[in-house]
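Both complexes shown next keep subunit A, but they swap its partner, so subunit B is in the first and subunit C is in the second.
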Partner chain A sequence: MNLELLLPELSLLITAIAVIMLDLFTERKGLLTVVSIAGLAIAAGFAITMWGTAPQAIFNNMLAVDNYALFFKLLFLGIAVLVILVSVDYVSKFARFHGEYHALVLLATLGMMLMTAATDLISIFVALELAAISFYVLVGFLKDKKSTEASLKFVLLGGVASAVLLFGMALTFGFTGTTQLPEIAQVIKGMSTQSLLANPGLILGLVLMIAGFGFKIAAVPFHMWVPDVYEGAPTPITLYLSVGSKVAGFAVILRVFYSAFALPEPLSLDWGMIFAILGAIGMTLGNVVAIQQANIKRMLAYSSIAHAGYIMIGLAAIGLSPTTDTLAQSSILFYVVAFTLADLAAFITVIAVSGKLGSDQISDYAGMGKQAPILALALSLGLISLIGLPPTAGFIAKFYIFSDAVSNGLLWLVIIAVLNSTISAYYYLRVVKVMWLNEPVGEGKVPSSFTLRLALAISCLGILLLGIAPDFIIKLAEMATSMFGF
Partner chain B sequence: MSLGLEHYLVLSAALFSIGLYGALTKRSAVVILMSIELMLNAANIALVAFSRYIVPALLTGQVFTIFSIVVAAAEATVGLAIIMAIYRSRETIDTTKIDLMKW
Partner chain C sequence: MSFNYLSTIIFLPVAGAIIIALVPRLSSRQIKYIAALFTLIPLAISLGLFAAFDRSAAMAGQMQFEEFASWIPLINANYHLGVDGLSLPLVVLMSLLGFLAVLLSWKMNLRVREYFAWLLLLETSILGVFTSLDLLLFFIFWEIEIIPMYFLISIWGAGRKEYSAMKYVLYTLFGGALMLAGILSLYFTTGSLNMVEIAQTDLAPLVTSIPLAAIFFLLLAGFAVKLPIIPLHTWLPDAHTDAPTAVSVILAGTLIKMGGYAMIRISIGIFPQAAQDYAPLLLGLAAVNVVYGAAVTLKQTDIKRLIAYSSISHMGFVLLGIFALGEASLVGAGLQMFSHGIITGLLFAVAGIVMHNTGERDISKLGGLARQMPAIAVIFTIAGLGAMGVPTTSGFIAEVTIFLGAFASNVVSGVQIYTIISLLGILLAAAYTLWLLQRVFFGPVLEKFNQVRDADNLEKIYCAIFIALIFLVGLYPMILTDVFRTGIAPIAALFGG
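Now for the complex of A and B:
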């Protein structure tokens, strides 16, 4: 067995433990930030050196090391660096528990990295829970009324979801006799269409697993926790939930359904259609309810529900043409990166503004264009990318995922999605209007620290870069899906 | 009459349904947590029964169960800690009264 294939994960784990230990011995809490970022950079370095090598399985086929996993690992490591950078101001307000905060962020990252590599139902479940339990604690970190309420809702609903997921996995195991995804694929391929469709246990297992994973990615109707948790959680953690946890959920779904349940045709048509319908409901509900939100964190929560719906169009396209389609996978991967960057830009601005005003109400953003033009520009850029207008990353991402769906015969779904994009323009642009056209209510500038500005600059550059020259990431995404090992 | 796989699966499905019913209807956060444990254990029974009857030569289901018990314990710990925190800030764990954020 090759332990060096696990070096990114191991270095992250060691960093997490080191951060907790260091917290006991040092008074300079800034050191924790530096150590965390160094650990993440080392892990990313190891991951980069593995890029492009042949896929390998480790721990008795529990985990795969392939380009697909490495793509997401690097994405999560990058997101984690930005999350820790924007947490600097936030964490300095805490009296205690700096070490635990950083360690939990690192452990959540570790869980999500393992999620993308897991190729066995057991390792998927354990990795998913590692990430989820870290997030339960992080959401309640402020210990005030809102934060604990968000945390309680998250842990209770998340517990139900993981029980449903486990029951689905138990049924899948029972009717295939194995927990390893490639072997499940072999068993299912061997079944005749009739015996497959006359096997309600397996179908029920599949549906329960979709429900369990649907909770992770905030698919309607498993989205009820999203707005409350996003509003109550510390804003850097809201940011991490919306870009990290959701993306990890999609990475797992793509691997499970593509490598285990892709064939035979009737089965993949079934789950493809389920994702198409969930996607259509998700984006419609997300966008319509987002219109009436007065709190920007809740608005972004509903917007992320809507974006989960858009990404499910890509999943549906794979389900409807499972054998040939690597484009749909790479279009999902590209969309995920574009969404991540846009959401990062939006949430980092929200962190900066709420640090100054102590408020997340959209009406308090009035006059931002005069008081803090850079921040207002960054937020506008993020929101425009979320709408999907050129020259931003969101435009290219939507273009790819929609054109892919049309070529797979999902025209009706794309029409719904385009109508939804139009609706979404209304509430995104309302924020832009409030910032640039309304008169300021308070006075003074919005201060922002160096680390915050750095993180903001990185995400804004990313949005523009992906919007103007998307070739590089598209190439990486295609490499990732063509080297889809197991 | 000897016990077969079906008996275990019916038991597991019944426990799962009772747990889900409890999680959806109970008001006390602690009872909801207990209901979630019931659902997880229903899945564990199904796993072990499947493992014993479908692939008796392997221990896949049993191993899965050990992992899921550990995960359930961790989840219950965190859940109870959060319930403690919420009790300290509002003196209640009635979920219908924990409603600061809606819609």
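Now for the complex of A and C:
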């Protein structure tokens, strides 16, 4: 039992409990923010010290401690810090339950960290539920009509998705006799291709798992919950769902499909093609529907559905050549980081603006360029990165993921994707236009706390840094993916 | 190369943009001086490079003033700049127009700070396109230009400015999207993003799942939107017409030249076989561009829209020169790009003055202005003569070189027919130009324009610069042809011409 390998998770768990306890005894709720961030920083410190060490399996191969998991753990810890920073303005809206809010954010982080480390279907499911249940509660935190409806919808659909996922896992277990990813890989490799493909059980299991995970990453057609939940949830939680939960979903998918179902090739060709088609549909539907949205949170929800489609291009590329391809995994990792930064910049601005206006309508952003030039600039930068225009992170991410897809014979998918970027420019730039060209409707400045501005500055710098000098993150992503696999 | 001249040229404007954007409490006069300074220095350096450029035959096809730094090693992308005879004149043209655009905008008083910041960023991105030798870098500069252009048209434009700006963005992004797919396919085929290296590689043996002709057309789609080739041209009249004057000058002067430049450098430099195979198609489109563009020009009633459509016709000549694939015709295409840059730049500049001073842009409501605006009338007439290709102007020498070169080129069979059809364009150009001059400047003097001012000193100065260049190139074309030839000879040699 190597408990020291679990130090990041344990310290986070202790922080979560400490925050709840502290909430009972203190009136100064600002302290909760400080303690939460301190806990996240400590966890990150432990995670950094483990970076680069040889991969280890712990708890009877339930969890792995490798660079891949650490990369995502650090990403989630960073995102959680930003989420808590931007929540400072927002939590004042809740009269009570500050402690629970912070604790749940930390627990969701814990769940997502475990998701990326899990190497057994059972531990994957447990970690996934830990994150999901925390999110169910967080989404309903505003307790108004929309928030409650969103939460209920999320619970019901999430429950169905979990059931589907579990069913897929059960079928896989029945077919292979094991729940551990490396052993599943061994069993499948040992079978003849003929008997593998003739047996529908495993294929059905795979399809059901894709559906279950597809719910997490907002893949079409499992995306129905996304716009409503994004709109109704407290905006910091929407932010966390869009960048945290989705990224964790991709991390799990990548690990499961790459380390358990990569061979033999006919099998991976199957799921590769499923991801290619889901990706093509997802990005097209997301972008086309986003055009009609008047609410910026709904627009960003559909945009995130589209971006899930782009990321699936990377999964498809892995499926098409699982053994030779080295770039696809790191390109997915780079893409999720770039997407995270851009979405952070966008949502943080939305939080600030809705604090002033009490509205998320795009038309109410009119004249924001005059009223709050810094916020408007940050939102514009985030949106430009989401379009994928240089010199932002979004461009390099797209270039990276598309170049890999082209080299795996997915030129058709890339052409669909680049045309989709053109469509997306229309609705992203519409927001930019409203902010800079239209006359302001209201008066006065838009207030924002120091912590919010700090979080915004971090994400904007990140967008530019990854757009101009992406080498460092690409190297980290390479390191993270080079050690896991066969 | 100890000093990074090209980086300095490219990034000085953006440095100026950052200063203008960030330093608080600048008066609009200070902003204009900063903008002028940060475009004048790149102009001076690029003229210096033009003088120092080695024109000897031994240097043909060699990049000069090269800069190289590793950028993203994992995808083999580098920060790689350089100029050869093909790109250097365009760099000079852009840095010149960049400086003149600042002078042209001297009367700008709406959101001055943002305006000049975007204008300078625009200059950086276009200069970057002409000097990048790495495909990723090239593409980045190509796309960066969209954002400043969007704001410049939609905030400071006129008419249906927001519609035109969005149309411009979507067209460019559409072309850029296909171009990106083409660049990725090319990268996958060759494993390199280095344009020089790829141009020296014989692609035929590197057959992959993606046919070379497909890559050729994916890339060409991006360039065709920019040049523009009919039927991808409809953004151009809208954008040129609704943009503010200085931006129209840059649009017509250099921005659409990115398309022609990229066609020579990439489409035919890297894919000689595909270019030769599909040359008849593109020559046909060139003839359509010339004749259809000129015919539509005749019908225009808006002074700026008329000049915009004439650009489409003139770009047809460039396309003809390029896909005739002969050395002389390619040099002519280069010359025409430069010459059109200064002539149409001047046309847009004086049209801007006319519109600004009279408050009228509808040709049917103008007339007899030669009496009230004598200086402008003279300048406009000279520019018009250039556009018609009258001898001693640069327009003449460029068009003659294209026609003679294309007619004599034996690379593409049937090129003579397209050339003869395109000759019609000259005739039509004379018709629409003279008709325009007659309607705007001659005829009965209109009372309502009696109070209209003529050009002021600043306007006379920048118009004089344009005119001097038109005659300099017209009378002494060697100054450019020598340079163009060093860049184009190796490309033309691919076709044995």
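Here is the rule we go by: the second predicted complex is superposed on the first by the 484 of 486 C-alpha atoms of A that agree within 3 Å, B and C clash if a C-alpha of one lies under 4 Å from a C-alpha of the other, contacts with A are read in each partner's own complex, and residues count from 1 in each chain.
Here, a contact is a pair of C-beta atoms (placed from the backbone, for glycine too) under 8 Å apart; a residue touches a chain by one contact, two chains touch by 3 or more.
Only a predicted model underlies this, so the values are computations on that prediction, with no experimental measurement involved.
When both complexes are overlaid on chain A, the residue A:E4 reaches neither subunit B nor subunit C. Legend: residue contacts after superposition of the two complexes on their common chain; A:F399 is shown touching subunit C, with no touch to subunit B. By the touch criterion stated above, A:V414 is placed in contact with subunit C alone, subunit B being left untouched. In the overlay built on the shared chain, the residue A:V160 is in contact with subunit B alone; subunit C does not reach it. Of the two partner chains placed around the shared chain by superposition, subunit C is the only one that A:I474 touches, whereas subunit B remains out of contact. The residues of subunit B lying in touch with subunit A in their complex are 9, 12, 16, 19-20, 23, 29, 32-33, 36, 39-40, 42-44, 46-47, 49-51, 54-55, 60-61, 63-64, 67-68, 71, 74-75, 78-79, 81-83, 85-86, 89-90, 95, 98, 100-103. The touching residues of subunit A, counted against subunit C in their complex, run 327, 330, 384, 389-391, 395-396, 399-400, 402-403, 406-407, 409, 411, 414-415, 418-419, 421-422, 425-426, 429, 433, 436-437, 470-471, 474-475, 478. Of all residues in subunit A, those touching subunit B in their complex are 121-122, 125-126, 129, 133, 136-137, 140, 143-146, 148-153, 155-156, 159-160, 162-164, 166-167, 169-171, 173-174, 177-179, 227-228, 231-232, 289.
The touching residues of subunit C, counted against subunit A in their complex, run 71-75, 136, 139-141, 143-144, 146-147, 150-151, 154-155, 162, 166, 169-170, 173-174, 176-178, 180-181, 184-185, 187-188, 209-210, 214, 218.
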